[in-house]
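Per-chain numbering from 1; labels A, B, C and D assigned in written order.
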Amino acid sequence: MLKYLTAGESHGPQITAIVQGIPAGLPLGKEFIDRELARRQGGYGRGGRMKIERDQVVINAGVRAGEALGSPIALIIANRDWVNWQRVMFSGPEADISSPLVRPRPGHADLAGGLKYNHHDLRNVLERASARETAARVAVGAVCKQLLSAFNIQALSWVVEIGSVKTQRRQLPTEELFRQAESSPVRCPDPEASKQMMALIDKANETGDTLGGVFEVIVVNPPVGLGSFEQWDSKLDGRLAQGLMSIQAIKGVEVGVGFRGSRMFGSQVHDAIAYSEGKRRFYRLGNHAGGIEGGITNGENIVLRAAMKPIPTLRRPLSSVDITTKEEVEASYERSDICAVPAAAVIGEAVVAYEIARSMCEKFGGDSLEEMRRNYAAYLKQISEY
Amino acid sequence: MLKYLTAGESHGPQITAIVQGIPAGLPLGKEFIDRELARRQGGYGRGGRMKIERDQVVINAGVRAGEALGSPIALIIANRDWVNWQRVMFSGPEADISSPLVRPRPGHADLAGGLKYNHHDLRNVLERASARETAARVAVGAVCKQLLSAFNIQALSWVVEIGSVKTQRRQLPTEELFRQAESSPVRCPDPEASKQMMALIDKANETGDTLGGVFEVIVVNPPVGLGSFEQWDSKLDGRLAQGLMSIQAIKGVEVGVGFRGSRMFGSQVHDAIAYSEGKRRFYRLGNHAGGIEGGITNGENIVLRAAMKPIPTLRRPLSSVDITTKEEVEASYERSDICAVPAAAVIGEAVVAYEIARSMCEKFGGDSLEEMRRNYAAYLKQISEY
Amino acid sequence: MLKYLTAGESHGPQITAIVQGIPAGLPLGKEFIDRELARRQGGYGRGGRMKIERDQVVINAGVRAGEALGSPIALIIANRDWVNWQRVMFSGPEADISSPLVRPRPGHADLAGGLKYNHHDLRNVLERASARETAARVAVGAVCKQLLSAFNIQALSWVVEIGSVKTQRRQLPTEELFRQAESSPVRCPDPEASKQMMALIDKANETGDTLGGVFEVIVVNPPVGLGSFEQWDSKLDGRLAQGLMSIQAIKGVEVGVGFRGSRMFGSQVHDAIAYSEGKRRFYRLGNHAGGIEGGITNGENIVLRAAMKPIPTLRRPLSSVDITTKEEVEASYERSDICAVPAAAVIGEAVVAYEIARSMCEKFGGDSLEEMRRNYAAYLKQISEY
Amino acid sequence: MLKYLTAGESHGPQITAIVQGIPAGLPLGKEFIDRELARRQGGYGRGGRMKIERDQVVINAGVRAGEALGSPIALIIANRDWVNWQRVMFSGPEADISSPLVRPRPGHADLAGGLKYNHHDLRNVLERASARETAARVAVGAVCKQLLSAFNIQALSWVVEIGSVKTQRRQLPTEELFRQAESSPVRCPDPEASKQMMALIDKANETGDTLGGVFEVIVVNPPVGLGSFEQWDSKLDGRLAQGLMSIQAIKGVEVGVGFRGSRMFGSQVHDAIAYSEGKRRFYRLGNHAGGIEGGITNGENIVLRAAMKPIPTLRRPLSSVDITTKEEVEASYERSDICAVPAAAVIGEAVVAYEIARSMCEKFGGDSLEEMRRNYAAYLKQISEY
């Protein structure tokens, strides 16, 4: 069973992840993980912190000589800012807790978390609730991507909306759209929309405001039959929705045509089945389903979309209440971004890569990459003879 | 740990569910579960099967003298149609499998499931992938609702869109909207929209077409602090999204303002924190967040929305391929609905009730209802003194 | 993932189990399950109830035409005694609860369960804590045995001690010992010891006393490499120990030489590795390890042993306390057995078969039996070329 | 839900653990964890490595100012020997893998692991299968002990057998036995037996042989009602057995009288129930059950016993086979201990403390220590009024 746990506060010494279930023999490199971490830190509209942190992973277990051992993989990402915070965030009793945060920020876990955990210093809440935690998820996702790449499966993303600016959908190959997204400062595969998005970010910056948006994640080349309708929690669409919705600030998730499809007639929305001799065999005349029918992959690309709310930490703070005095105050301000949708898209790739890798491991088993590949190849052969 | 498994084919003898983790002493009645099952079967636009099935639960374990024992609860719902299907669906080798289904229906698991499980009779796929399984989820949800009602928490739903018809959002109390939805044939708390929706369903019926739509589920009176940002999979919004997306035909999920919020500025979207003496104490000036911030409840009502695609079984069938001959054919037709959005809303209540009940059990523990209520009351007192 | 839940009270209408994760296409028959249920009900020294109950399974989901569908399997075992108990055990409020059990039996969950769940009628505890629940585990185990038999793996048991009577260890093939056990009224593969055991049971019966004992479960022909040392809870020996210790009345579990091995020197206890050309290749010169090293199978037979305490319900009751009056009383007496070690051995086979089947599914994946067998065969080939 | 994952190779840079579910506000100190790590490293009969490693924990997440935050706790234990191994064990492709281990050691996972993971350098197996991993479990257990100590619950251990030397059972208070064990070089609370055990270890050392033994873990002051008979895998005895059996080299586990009890009559083995006014109320006239009846605690101390096989790495190596040449060879020798039973006893405390803490969290819930204690106190009051 592929699974993982993460730990780490935003201003603690490091972010830690343990990933379990990666087959032995998988080539795994720090370089690829670091590249993914850098992709997460990019994007127009990021705040000052992104300049401080240049995340680098250290692989501290589970990998030897560039290959997975089959044992749990420990990934460590140091927080460069730690030097400035160790007095305040130290684990021992000598930590300086003399300046508690008492002005909760709307849109964050601050107040609800303080009440839940009975914390009277809201720093004890926001440190873990922070999106800094997603660095660990991107590192885990990078490991999963390396597993998927052994099966020629990829998870790609781009931004389709920032605030009120929408991309025009263009008929280009997925790889080409991805290439354009990679070279856009806002991960948008549409140069014209990219410019408008950046202008909107500039405007928000001027007014002390923030922006959200919408991104897409596409899984290219998934096999038919991942996930299962056996039980409610084995359905792949449910798992993918959980993964995406669990990313900080995500408030909406769609598969395929999503909400738009609910406004169409059945005859317009379902993807007719066709057949051709040769490699392709069964295929679809469209992909409104987004590659998932009945909770399992149908062999078409998986198409997912997620909506991110605007960053809730505003330089022009919202109205709040001091938890000690109960007086009306301005919410506290921690250095933050104007817009993090491009980063969220990269995080989206990571959580999707994890779920696809998990469903691959469940279906194909295998303790070594050889074994998993052998099982996979035999299944593809079975499919091709169905 | 509250959890459950279900089993049962659409035309098998029965649907079975086992629910584990309900505290001892909870009053549990068959009547309430049956009422919920009936609500699931209602709605304008349902097909003939809904007239055959009048679901009734039998509680076969875990309840004695009207109260939960603390042991697992077994719920059985007989399939009334079984008498007509037992020859075909019998578990023993004498079953009649001489008429395999070979024309997969687009929009269903038929083809992908056949390939995955190597089934050459697609009946072996569609029987479990069918939404008949949601009867079990509604029964389980009814048990969870009875638990929640001991804490004065409710999960309510209504339909906001069917096809191209949208409800106008009206400023009425939640309970009043719910009451209106309950008396609408399409669960829509807007009499004018209800009429238009029914007219659209009639039109689809005439053309052999189908419709989808959008429903909302509101959790009324949740305590602050359910769910956790401790780990990616402990976040309540992620879990709720999984639950909703795992319902058959759901392709989109939103929390609070959802996709709409991603098009607004941060200053417009976050809910300012206010305070008043007395019972209410900390509260919000709005609820764009839909009651969840940082993956945990903030004490406001939880607001969820789900998009259902049109029913994929069309009387005017889509184009498909015979899996044996590989020739182009019309997809097979199983008796089906025109529109099942009202039913899906009731199922949505059930899966949401389960997730809320699960998070309640995690936070408050307790083997008996007395114990759980005592823990809950003491927590509310803690909150009121924060 | 192979997993299951069970529900059902000892005197309720039925015992229910849902098993998930069995691959599609596995031949599954009611006959085999019923035979296993009958084996559980046999044995010299059983009480009157065993004559009332002649367990028969009904397969209500997950199997069609004698083959698993790949969907969850529902197994129902009716309690024949239910007709005599429905007034008392009914799920509705009209149940007769006028005669609460208030004299807890030492050695049972009665008192501790009453305190835990705040039950003041101890019937509400003992009904679920009862070993009647093991009928469900034997049914689930029978399904797992059918899966294992597709891979030529078997779980066999016999009794080695009852009370003070011990079997002499005899050098016979496993299958022969099993055959002898099957024909012994006390499942003991030693005719002389069998007689002594039966005499001891007679003696205990005369004095109103009870007996425990020790049984062995052998897994024949497991592949090398089941389980994992990846994480503490993936080790196969730990899982097997949990399974066996979770059987009612089991107080001790051993793998291989167990406690005896801890009194030997290292040079005496470890199994030297040898090699021969041909089918066998790597093998051991002994099997003190009981087939498991480092938490994984080493290819030798798995050897497990479990100690059962004497049945705690005595016709000559133990001293107890009335939970209402707090006065010293004799513990209540529910019809019971003198000795159930032979039955426990059959239950032991079942829980072991489940754990082995689970580890097989984890390692080999596969949605259909064809797929799982193909993966298995390819792995055996890999092993044979190592 | 309390849970944890560990990662780390025996000669890798560090051992890592992430523990999730510890309530906020729990005082947690590095000092106590380090003391537990030192206890694990002690004991007469340890090899050279124990002199190299002086384990120290670094808490890298989840704790601030000496208190748990409620977020996951990351624990890091550096391997001091890493400096000597980094060339061989490095995670990058430049690692030196030129000297593969090819002579598997009987009694270890070496051969079975090599076959399972398709590793041809057995170092890739033994590094994770090694008992070095138990350092992480002791650290996790130390965190759990700190949680338990907030409820005045303790997990204590001592050694009762080493090789053929047995302790005489003495009627002393548990705390006094523990104190004597702590000051014995072999953790044996019997000075005379301690001397004999040390002499036996000396003898084994001379002959290049190794020893195993038996230890006990006692849980002092557990509340009644931990664990559950609801489902097979919720039974506390099963979970404790899994925990203990999953410790490297453990081959037998007993609860209470264990195997000995299976040889007694029922009238001798069950613990009569008595009652006295005042604080004690319901209690037992004996503790043959070892504190667990029906899978749940009955309020008496929990008594567990585990059998450890002799260390399988012998200076006078066992016969093995070269996995490359298939020739008969002597097994390879890695520096090792003569006897590690005292260390295993400390590890036993840790795994038991984890399981008890887990069942406490399940029953009492709570996000903060205040909340958990409040729930606990109210339950004890309920019990006292039953």
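We take it that a residue touches a chain if its C-beta (ideal position, glycine included) is under 8 Å from a C-beta of that chain, and two chains touch if they have at least 3 such contacts.
This structure is a prediction, so every number in the text was calculated from the model and none was measured.
When the contact pairs of A-C are set against those of A-D, B-C or B-D, over half line up by residue number only for B-D. Centroid distances built from C-alpha atoms place A farthest away from chain C.
Taking each chain's centre as the average of its CA atoms, chain B and chain C sit 37 Å apart. Chain centres here are Cα averages; for chain C and chain D they lie 26 Å apart. Each of the following residues of chain B touches two or more other chains: 5-6, 20, 70-72, 116-118, 128, 225, 228-231, 367, 370-371, 382. On the chain B side of its complex with chain C, the touching residues are 3-9, 12-16, 18, 20, 24-25, 28-30, 59-66, 69-74, 76, 89-95, 97, 116-119, 124, 127-128, 367-368, 370-371.
Contact residues of chain D toward chain C in the complex are 5-6, 104, 106-118, 125, 128-129, 133, 137, 161, 163-164, 204, 207, 209-214, 224-225, 228-233, 235, 237-246, 248, 250-259, 261-267, 269-275, 282, 284-285, 288-290, 293-299, 307-312, 314, 316, 318-321, 323, 326, 328, 331, 351, 382-383, 386.
Contact residues on chain B toward chain D in their complex (touch as defined above): 1, 20-21, 70-72, 225, 228-231, 361-367, 370-371, 374-375, 378-379, 382.
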